[in-house]
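Pasting the structures in now, so scroll down.
Same chain, two partners: chain A is paired with chain B first, then with chain C.
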Partner chain A sequence: MEEQKLKIMVIDDENIVGKRLKPALEKTGDIVETFEEGEKALARFDKEPFDIVVTDIRMEKINGIEILERILAKSSRTKVIIITGYATVEVAREALSKGAFDFIAKPFKPDDLRAIIARASKELKS
Partner chain B sequence: MTPPPELPTLTDDSEDDENLKLKERPSISIRMTIAISYALFFLLCVAITISSFWTISILEDKIKFLEITDNYLVEIQQARRFEKNYLLYGTNLDDALEHLTNAKKILSANSKTIKKIMGEKIFQSNSDYMQKYHDQLLKLGGEKKTGKIDDIVPLLRQYGGEMVSSAEEFVKKERGSVARMLMMAKRVPFYFISGLLVLIMIFVIYLTQNLMVTLKRFMDYTKRIGEGDFSPIVPAKKFKDEFTKLAEAFNTMIRELNHKHSILLESHKLRAIGTLVAGVAHELNNPLNNTLLTAEMLKEDLTVLSDTEKIEMIDDMINETVRSQVIVKGLLDFARESETTIKPLKIEKIVSEAIRLVANQVKMAMVKLKTNFEDNLPGIYGDEQLLKQVFVNLIINALDVLPPGGEVCVDIHKNKNSDFVVVEVEDNGPGIPEHIQSRIFEPFFTTKGQSKGTGLGLSVSKGIIRKLGGYMHLKRSSESGTIFMVSLPAIESPSEMMSKK
Partner chain C sequence: MSIIIISSDSKKIEEDIAEKVAAVMDYNRLGPKLLTDVAANYQIDPVKLREALETTPSVFKNMPSKNWRHYLSCIEAEVFDRLLKDNIVCWGLPAHLFVTGISHVMKVRLLASGQRIGKIAEQKGITVDRAEKLIADELRQRKKWSLAAYNLDETDPSQYDLVINLDQIDPTEAAITITNAIEYRKFQPMTYSIKCLSNLALAARVNARLLESMVNIKVQARDNSVVVVTKASNRQKRKKIAAIKELAGDIEGVSYVEVHVKKNILEDAAENPY
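And then the complex of A and B:
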C-alpha cells in the first residue's frame, strides 16, 4: 500500500536545524523544504501549500506566532508545529490557542519531532 | 590626570583610621568655647569693678587733699594780706607770721599725702618758697625800726607771689584732675556696657555662624551619603568639638551603610543574573539543539554518511559547543564574585559586553537595539563588572517597557564642554509618568510589581556611577520615549590610557 507523500516545511534561522532535519524527516519518504527566513518560507507557501510546517517561534524578522497565523489563514488544514527555544506555559498556550498542532522545545531529538509529525500526518489522513 | 576614585569595599577600614585621626585632634568643644567666653566676661566685669573702686578711692584721696591744699592756700593768702596791711598801714606783722606758721603746720602734717600727690619736687619748691618768704618776713620785723625795708620788700613780694601762685596753680591743676576723674568715672560704665554689648554680639554672631555653617555642611553630607557616596567625613575644623563627635558617629554610620550597600549591590547583581540566566538558558538551547540534532543524525546515519559529511557534522558539533562556551562565559564573567577593582577601561568595550549579555532578552522582547559609538573615545576609570551591571540594568529596564517592534538606542560620545564620557540609553517606550520621575532613583521604588522588580536597579546604578565620580540622571522622558544618561569622568587622553596598560 502506497502512502501519500507529505509536504513538510521547516523554518528556523539556525541553519543547522534545517540541515539536520531535512534528511531526518525525508526518511519517511516525505518531501522536506527548509528555510532560514520566515518571509521566504511564506512566499513559498503562497505558491504551494504544505501539509506540515515546523517553525521556530523566535526569529530575527518575523516570529513563529505570526507565521502560524498567516499559514492557517492561507490553509487551515495545514498542521503547524512550533519549536520553542525555551518552553514556557504562556508561549505554548498562545501557540495552541492560535491553532498550532503542537509544540516542541529545544533541544529535541529527531525522533521526538518525527513522533509529532506522525501524529499530524495521521490526523491529516483521517 | 584624573585620579582613580576610591571604592570602599567590605573589608575597608579606612573609616576607622579617619575616626582615629579625628580623635587625635586637639579638643576645643563648643561647650568649652562658651565657658571660656563667660569666664572672660566675668573677668572683665571684675576688672571694671576693681578699677572703679580704685578710681573712687583715688578721688577720695584727691578730695581730701584738695581740702588740705585749700586750707593751706587760705593760710598763705591770709599771711600775705596781713603782710600787705603791715606795709600799708603798719598793722601787726605777727598775724602774718601766725598764718604762715599755720600753713607750714598743714604742709608738714600732711607732707606724706601732699608729697605723694604733688610729687617731691613741687612739694620741695613750695616749702622752699615758704621758707624764704618766712625768712623775709622775720627780716622785715627785725628791720622795722631801722626803716631799711627797701631791700626786703621786693624779695618778700617775689617769694610771696611765687609761693601763692605755685599753690594756686597746683590747686587749680588738682581740681582739673578731680573733674576729669569724675567725668571718667561717669563714662567708664557706659563704655564698658557698650564694649560688652559689642563683644556679646561678636560672640553670638561667631557662634551662630559657626553652628550654621557646620550644620549646613552636615546637611550636605547627608545629601552626599543619600546619593551613595560613602567616603568618610573629614571635618573642616582643625580642632575637636561636639561636631567632631557627630562626624565620628556619621563615619560609623557611613561604614554600616556602606556594608549594607555592598550587600544590596550583591543582591541586585543576583537579580540581574537571574534575569540574564533566563535569556542565557534560552540562548544556550540553540547550540545545544544543534549539537543534539547533529549527534543523533550522525549516530543514525553512521553507516551511510560519507567521510566528508561526517567531518562536517563533527565540525558543526565542535563549533556549537564553542558557541555554548562563549555564551556561558559571558554570564560567568558577569556573575563572578570579585573584588571591586578600579582600573582604566574602554567604555565602548564595557557597553558592548553588556549589550551582548542582554542580546537574548532583546531578541525575546523582539526589540531592535541600535548602537552609536563616537570614534576615539577617551578611557574611563571603573570596575568592569559594576559598570556592566549598570548598562545591563538600563537596557533591561528599557526592554521591560517596550512593546515588540520597539527600539533601544545606546549612544556613547564625549561631552564637548567637559571631560566626561556620556552614555545615553534611549528607548521609544511610553515614557515614565511625570509624577514618579522624581522618585525613580529612590531605593525600593518600582513600577514593575514585586515579582518582577526589586526597585533597586536605578538606585544601585546611580550609587555605582556616583562612586566613580560620575553622574546618572533621567535626561528626558515623555510619551515618545525615555533617555537615561550616564556621565563618567574621562581619562585625559587615549594615549595616556594606552601607556598605562
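And then the complex of A and C:
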C-alpha cells in the first residue's frame, strides 16, 4: 500500500528559504507549498488544512507565534515547527508553551528539518 | 526529559530537596560526588576542586587564578557531559551559573535564611543577631565568588525560573511544586535547546583542555566548529594559534577551529620596552 504523502506548508518572508526548503522537503515525496506572507498562508490553510506547517517568527503583519496560534485553533492535529534567526530561551519557551511541535534556529541543515518532520509524521500516524 | 538545577545558600537543603525531586521524577542525580570523577579524569587533587568552588583566586591561599579557572573549567566540562544524557536533577555544583540559555533546563533557587538563622544560633550557641550576620557574610561571599567565576550574582532571584521560600513552604510541598513545574511544556527539550546544550558541552571540553596550559581563553562552539578568542603578543601570536588549533582540533567532536587573537598590550610592552 502506498504511504500517504504529507502536506507541508512553509512560511517565510525571505524568498530564499522557501526556494531552498521546497526541493529539499519534496525529496521524500511529500507535497510542499511555500508562502512569503502569513495572511496568504492562513487563507490557503482555511481552504485545505496541512499536516505540517513550518513558519518563521519575525515577519511583517503576522508573526510566527500568531500563525502558530491561529493554525492550532483551526486544526489541533497539525504540527507547527518554528524556524527563526532570532532564537532566545524566552521565544523558544513561548513557542513550545503555545503548542509548537519543535523549534529550530536558523541557519540549519535541511537534514535537521527533515528529521523533525519525520518525528512529526510518526506522531501524526500514531 | 528535562533538567532541573537546584541551588540554595544551604548545601543540606539543596541535597534534601534534590533527592526528593529525583525520587518522585525517577531522574538521575548529579551532585557534588561528581568532583571525584572530575579529579580522576583530569588528574586534579579533589581537595583543590572543592576549594575552587568555595574561594576566589588568591596567591595567599595557594590558588592562583590560572589554576582556579582551569579547575572550574574541568568541573564545567564534566557537568555538561552528564547533562547531555537528560532527565537529571543537579545540585551542589555551580551548574546554575554556567548552564545558560538552555530552555529545557529549569533553575530553582531555595531560600531558607529564616530557618537557618535559628539553627545556626542553636548549634553554635550564639545570638540570633550574630547568626544573621554570619548568614549575611556567607551570602556576600557567594555573591563575590559567583561574580568572579561567572560574572553572575547567584543570590539574585531573577537568575532563576522558580524561587521557593522554605520559611513558608515545607520541603515536601517544595518538591511537589518543582515536579509540577518541570512538566510545563516550555521546559521540554526541543531541537534548538538540545543543540545549544551540545554546543556548550563542546565549548566546555575545548576550554578545559586549553586552560590546562593557557590563560585568557574564551571558546564558543556551533555544531562541530569552535571559535577561540585569546590574547597574545605579536611575537607569540603564530605560536599560540598553532598550539590552540592542535589542542582543540584533537578533541572529539571538533572538525574546525578558528582562533581570534587580541593584542596583549602588557606582553608587547614588556617585549619592546623602548
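In this section, the second predicted complex is superposed on the first by the 125 of 126 C-alpha atoms of A that agree within 3 Å, B and C clash if a C-alpha of one lies under 4 Å from a C-alpha of the other, contacts with A are read in each partner's own complex, and residues count from 1 in each chain.
FYI, a residue touches a chain if its C-beta (ideal position, glycine included) is under 8 Å from a C-beta of that chain, and two chains touch if they have at least 3 such contacts.
Every value quoted in this text rests on a predicted model; they were computed, and no experiment measured them.
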| item | value |
| --- | --- |
| Fit or clash between chain C and chain B when superposed on chain A | fit |
| Contacts of A:97 with chain B and chain C, given as first, second, both or neither | second |
| Cα-centre angle that chain B and chain C span when viewed from chain A, reported as a multiple of 10 degrees | 60 |
| Touching partner for A:114 - first (chain B), second (chain C), both, neither | neither |
| Chain B versus chain C as contact partner of A:58, first or second or both or neither | first |
| Partner chain in contact with A:106 - chain B first, chain C second, else both or neither | first |
| Touching partner for A:20 - first (chain B), second (chain C), both, neither | first |
| Which of chain B and chain C A:85 touches, first, second, both or neither | first |
| Nearest-approach distance, in Å, of chain C Cα atoms to those of chain B in the combined model | 10 |
| Residues on chain A lying within both footprints (that of chain B and that of chain C) | 105 |
| For the chain B and chain A complex, residues of the former touching the latter | 278, 281-283, 285-286, 288-294, 296-297, 300-301, 316, 320, 363-364, 366, 404 |
| Chain B-touching residues of chain A, taken from the complex the two chains share | 14, 16-17, 19-21, 23-24, 58, 60, 63, 85-86, 105-111 |
| Complex interface listing, chain C residues touching chain A | 101-103, 184-188, 190-193, 195 |
| Complex contact set, residues of chain A against chain C | 87-89, 92-94, 96-97, 99-100, 102-105, 112, 115-116 |
